[in-house]
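Presented sequentially are two complexes of subunit A, the first with subunit B as partner and the second with subunit C.
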Partner chain A sequence: MSIHFLEPADISAATALLAEYGDEAKIIAGGTSVVLMLRQKLIAPSVLVSLGSLIGWDFIRLDADGLHIGALTRLGDAERSPVLSQVCPALAQAFSLVGNVRVRNQATLGGNLSAADYAADPPAMLMALDARLRLIGPDTSREVPLFEFFLGFYTTVLEPTEIISEIIIPPLPESARAAYLRYTSASAVGRPCVAVGAVADFDTDGKCQDLRIAVGAAVETPQRLARAEALASAQTLSDELVAAIAEEYAQALDPLSDVRGSAWYRREMIRVLVKRALMEVRDRHR
Partner chain B sequence: MQILESFTLAAPREKVWDLLFDIPRLSQCVPGIESVEVLDERTYRGKLVVRVGPIKTRFSGIVTLTEVVPPSRFASTVEGDDKGNASAVKIFFNGTLTTVEAGTEAAFQVEVNLRGRLAQFGDPVIKATAKKLTAEFAKNLRAQLEHSFP
Partner chain C sequence: MLDSVERVTGAVDYMVNLRLADMLVGKIVRSLAPHARLQKVDPAQALRVPGVVAILIGADLGPHALYGAAIRDQGVVALDRVRYVGEPVAAIAAESVEAAEEAAMRIEIDYDELPPVFDAQAAIQPGAPQLHDGFPNNIFKHSKLRHGDLDATFAEADEIFANTFTSPPAHQAALEPHVCAAQWVGDRLTVWTGTQAPYMVLRVLAEIFGIPPESIRIIVPPLGGAYGGKGHIRIEPLVAALARKTGGRPVKFVLSSAEEFVTVTKHAATLELKTGVRQDGTFTARQVTVYWNGGAYADASPLLIPQGMVRSIGPYRIPAVQVDSYGIYTNLPPAGAYRGAMSSQTTWAYESQMDIIARQMGWDPLDFRLKNLFHSGEHFATGETLHDVHFIECLAAAVKGLGPVTSLPPGEGREVRVGRGYAVMMKSTISTSRSQARLKLASDGKVTLFTSTVEMGQGAHTALAQIAAETLGVPFEMVSVVGPDTAVTPFDSTTSASRSTGMMGKAVMLAGESLIQRFIELAVPLLETPAENLRAEMGHVVAAEASISFADVLKRSNLGFLEENGEYGTNLSLDPETGQGISTPHWHQGAGAAEVEVDTDTGQVRVLRYSASSFAGRVVNPRLAQLQNDGNVIFGLGPALLEEMVFDGGQVINPNLSDYAIPSIRDIPLELVSACIESDEGDMHGIGKMTLPPVAPAIANAIEDAVGVRIKNLPITAEKVLRALREEAEK
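Let's turn to the complex of A and B:
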């Protein structure tokens, strides 16, 4: 069976093609996920709508309302971006751990999020950063917070005709610190068994003003726990408090079992990793 | 892999049983079913489409009833494959209907053996999909029951 490879010149032409071909069409950006599925015949579209010819969607820009990353930005470019390294090194770190260097030089951030693979690095960090996504459809444009974006395994709120155009990360105060930690059970370069993104802000007395922790890869969709985050409000992050927050995450989340670890094992590792992430944002100076 | 699912229907057990064995009406309730053909009173041939994110798989298979105890219990095996993605499935299905205060509780114990390329998605994905399909199935059964017994 032959596949028609279409290369629209702009995003509205791309969404129009998706509307025209419906179920028969699949979007391809970097192709690291789509090509694997094609080769294994897990998907058999008759039309591939390539985003490769779209110009102007691979930017990393710091605006007054935060950091904007174009959805077609390659993970490798993001990882090496001077802007990103300065504004949020923890996010650059999360990008630098995806797959391997060849994958990162090809895969796009929009593609990584659209694929909604639970065993991925960027989602947990982006969720801790309160990221939002801009979704463009044939006649629509909307913003969706990342925590509302993932619906389940490989499933998102994206309509069949919608494309992610950019990822927006609200500005962090100068005093805020972020960390991304992950644990791989099989090999150092494998997919994460547990991923933790943490962001914390402290006042001049060292009391925690804002804490956001997202756990991914161990659960169907990345999760934050408002109750556990609130424990840190206006508190000094003592070792006891850090342990209590980590315990909340370990107990409240419902980890999954797969080749990278059983639910029991993941629960233990969530406890360890949340604790380490909290200590890192507490102890590391910017 | 074992899957356990249950749901309650606000109808007497006999009515639920009749619906489960009324193949044309039942097939309207099974999410993703494309066709059902009765081969004999214990054997059916069917086609079912299951979607997980971008992946759409179309299984063709044979359902064989191995035990039928009206109106409380039945068991079956399902063997099917999707040649497109070189995957095959064998399912042992045990269903019970129990009278409860709210009507009838339907409980399923399903042993799923998935082989081939689809199996790489692993147990958590299959379990989550089973849960979603069961919820849809229960919703459709409720609609059918309400439709016939207003």
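Let's turn to the complex of A and C:
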């Protein structure tokens, strides 16, 4: 039952292999997630389609339509990228908190998103940034907003033959501020119990023009809450309003239970973290 | 440290690196059921997998199929029944990992499931599933201590406090997993194994295979940590039994991290403490009942539970004491030693209750301790006289090390509160054990120490080499250490219970003194001086006017080398019905002081500062001693705040270091200090775990100081603290 390890030279060869082997195949990029799943016998593919030989998929580029991150960009490279840190320090922060330095030097952003592991850092921040994904199939290429990408635990809209090629983050106004907060209930370097990405834009009067808050790690898939975000529209983020928005998130989301915290505790922590994230975007100087 | 450069550069030849000619890969097939009769274990299909050389199943085992450190209750592999998820049912030797894994999937196992029981207190109820014949109510050990008139003394109390504390199953988490290789040549067996107790492994293997101990050789390479998890006997019988079927080829096992979690655990324990106190702040009586969850097999528990009994009372003057300490079978993986065996659980209970009592009675927790701590010359509940007691100095040193109160600005939007807590611990070491050492001095001046003390990163070989060098008066650089290898190094009971520096250290000193005596005798004709006028100094035999180096003594006596043995041991015991007698050659003493910050929004506890102290008698190596003290505190943060093996239907659901959190570098206190207390008597004592057991209660006590809530169940998670804060607010 040895596994065949295939290394296609380009994207079309990769998607062709996926088409050929169907359910038997699993894509492997950095391998930090796939190898764990293999070892725990959660998956048993007969073919591993490695993206390791693909060239030109690890880039970070600032275009007019936003920041483009190649799917094979290592999280460690993204975390250290001057361009990325310039555009969105909070995103660099989210990447810097994944696993440990060894994991980040191996794991890729596309792999992190494809794995759809709920206890992850990048998705909540990327969702707050309105990120989109480009998905490539044998004869197809489409863009999907990240908020439509995750379907449930370890499942996404990716077709069996599709691969993420890049992540696109639309430009943020100069006046916008972003924050990533994560809460670990156990070890400081553990996986998050709750993750909150927040982006807020303010007018010259300090009134909030746009607010986006995504909560991850505490729920099956990262969630935004339009109703709660709308509460901030054209408002000053007073302590009372911050508390009200945090309360909306705490009440509306359906938290899960695991070794990092019960549903009760996660609901409490969603309230605390959303509040702290809002205070951070409100009070921190850009 | 002797091999510090090798350790840092990765050059230490750990057991995982072992390669033997013609070596096969070993793999264990484990039970998926927590409790079941085995209807069928059929290896036929698996044996046909190319590359598979041998498969061991229960039916292959001879008359001595059962083994155990104390009770022979565990099959080398499961015989007709499995009792926990992860129990070895078969073992495979193959040419490659792939072949072994392929074969593992082709062994047919049919289970006839039996009702399981996982909780120790449920297991002793009438009608609970019975795990082993001959152990009604699943109780395999009941240690008792009876001291004074309990009823009368409780009647004298002004207040009686009854509290229950729990400590969950936890994992030793050594960096290196269990690794073992075995090879038979005819009827002679060689085993390479990462064990803390080579001579116990040798004895048990001789029993199982019915061969003389002289036919068995146990070699122990340097270990990458053990923390009790490699004490006693573990996978060696299985490895050796499988190796017997390979036609003389060696087979090596390296357990995966998931397997590590089901190989041995820290005992889950429930501890009930009932304590009577008077208004004047003294004790009248204490009753302790401890339920130790031993898991499916007794393993080392029958040896550890009597120690857990004397370690459950605390270092305080109490006129009447009763302890009942039960070892209980359940359908969980077997429990064994865990750094500071049993003391982590017992200190958690008695030091938590100290603060509960003090706060309720309106006393300062520190003053309450100082008033009641033992002094030298007083009598313990076992009746034994306490010697060389320094609890008060330990506590004072820990408190002093904490310094003035920290005030940190709270984070934005956070409400944090700071508190301080203290704890002291009193721990026995092994009552009956023996250490032998052999010292050889060659004509080139080099000294070799032969010892079966296991080097597992704690620096024992360094400390023993220092003791050898000091005793002989030769430079440390001249001493090298050999062992453990039972073919060349003499007997030692075990490297555990912080006994090596004290016990093996004395054996080394005695060997050194004998060696010096030999050199003096040999020097009599050479220096033409009677022995009574000769002394040894700096590696020389010295007379009034002349001296001669040890090396020259050998050369001029036409000797290549001289060697001498030293032996040190104790043989102490308690009456099994009353727990009266002498329980330990020395009491381990330690204390801790913690300053914590509690986030009242999240319940999260951050240890800002920690100050630890241990009584060392005489410090052999100050740097290694400090690292032991500090390392214990960091290790102890895990069971205090983070660590718990979580089971679902008997299966551990967090068997990896991603879901089972151990302390990371970022969890370490902002300031960590420690002190070793020395005494005029100057006896060397082990300090391998003295500062560990106080960590959890010191933190819990600091939390109550900060926010007024009391956590009685380990680990102290943020969720538990927040729940307690909410419950307190609702009152």
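Operating definition for what follows: the second predicted complex is superposed on the first by the 286 of 286 C-alpha atoms of A that agree within 3 Å, B and C clash if a C-alpha of one lies under 4 Å from a C-alpha of the other, contacts with A are read in each partner's own complex, and residues count from 1 in each chain.
Throughout what follows, a residue touches a chain if its C-beta (ideal position, glycine included) is under 8 Å from a C-beta of that chain, and two chains touch if they have at least 3 such contacts.
Keep in mind that what you see is a predicted model, and the values were worked out from it rather than measured.
Visitor: Taking the superposition on A as described, I'd like to know which of subunit B and subunit C A:S257 touches: first, second, both or neither.
Guide: The answer is first: A:S257 touches subunit B but not subunit C.
Visitor: In the superposed arrangement, which partner chain does A:K275 touch: subunit B (first), subunit C (second), both, or neither?
Guide: In the superposition, A:K275 touches subunit C alone.
Visitor: Looking at A:H68 after the superposition, I want to know if it touches subunit B, subunit C, both of them or none. Which is it: first, second, both, neither?
Guide: neither
Visitor: Please indicate which partner A:E220 is in contact with in the superposed arrangement: first for subunit B, second for subunit C, both, or neither.
Guide: In the superposed model, A:E220 contacts subunit B only, not subunit C.
Visitor: Now for A:R134: first (subunit B), second (subunit C), both, or neither, which partner does it touch?
Guide: neither
Visitor: Touching A:V189 in the superposition: subunit B (first), subunit C (second), both, neither?
Guide: second
Visitor: Of subunit B and subunit C, which one touches more of subunit A's residues?
Guide: Between subunit B and subunit C, C touches the greater number of residues in subunit A.
Visitor: Once the shared chain is lined up, is A:Q40 touching subunit B (first), subunit C (second), both, or neither of them?
Guide: A:Q40 sits against subunit B and subunit C alike.
Visitor: Looking at the overlay, what does A:G152 touch: subunit B (first), subunit C (second), both, or neither?
Guide: First partner only, subunit B.
Visitor: State whether A:R80 touches subunit B only (first), subunit C only (second), both chains, or neither.
Guide: neither
Visitor: Once the two structures are fitted together, what part of subunit A is touched by subunit B and by subunit C alike?
Guide: 40, 259
Visitor: Where on subunit C is subunit A touching in the complex?
Guide: Touching subunit A: residues 98, 101-102, 105, 256, 258, 412-414, 601-602, 604, 641-642, 646, 653-654, 656, 658-667, 717-719, 722-723 of subunit C.
Visitor: Of all residues in subunit A, which touch subunit B in the complex?
Guide: Residues 26, 37, 40-44, 115-116, 118, 152-155, 220, 256-259 of subunit A touch subunit B in their complex.
Visitor: What residues of subunit A sit close enough to touch subunit C in their complex?
Guide: The contact residues of subunit A facing subunit C are 1-2, 36, 39-40, 183, 185-191, 259, 261-262, 265, 268-269, 272, 275-276, 279-280, 283.
Visitor: Using the touch definition from the top, list the residues of subunit B that touch subunit A in their complex.
Guide: 52-57, 84-86, 117-118, 121-125, 128-129, 132
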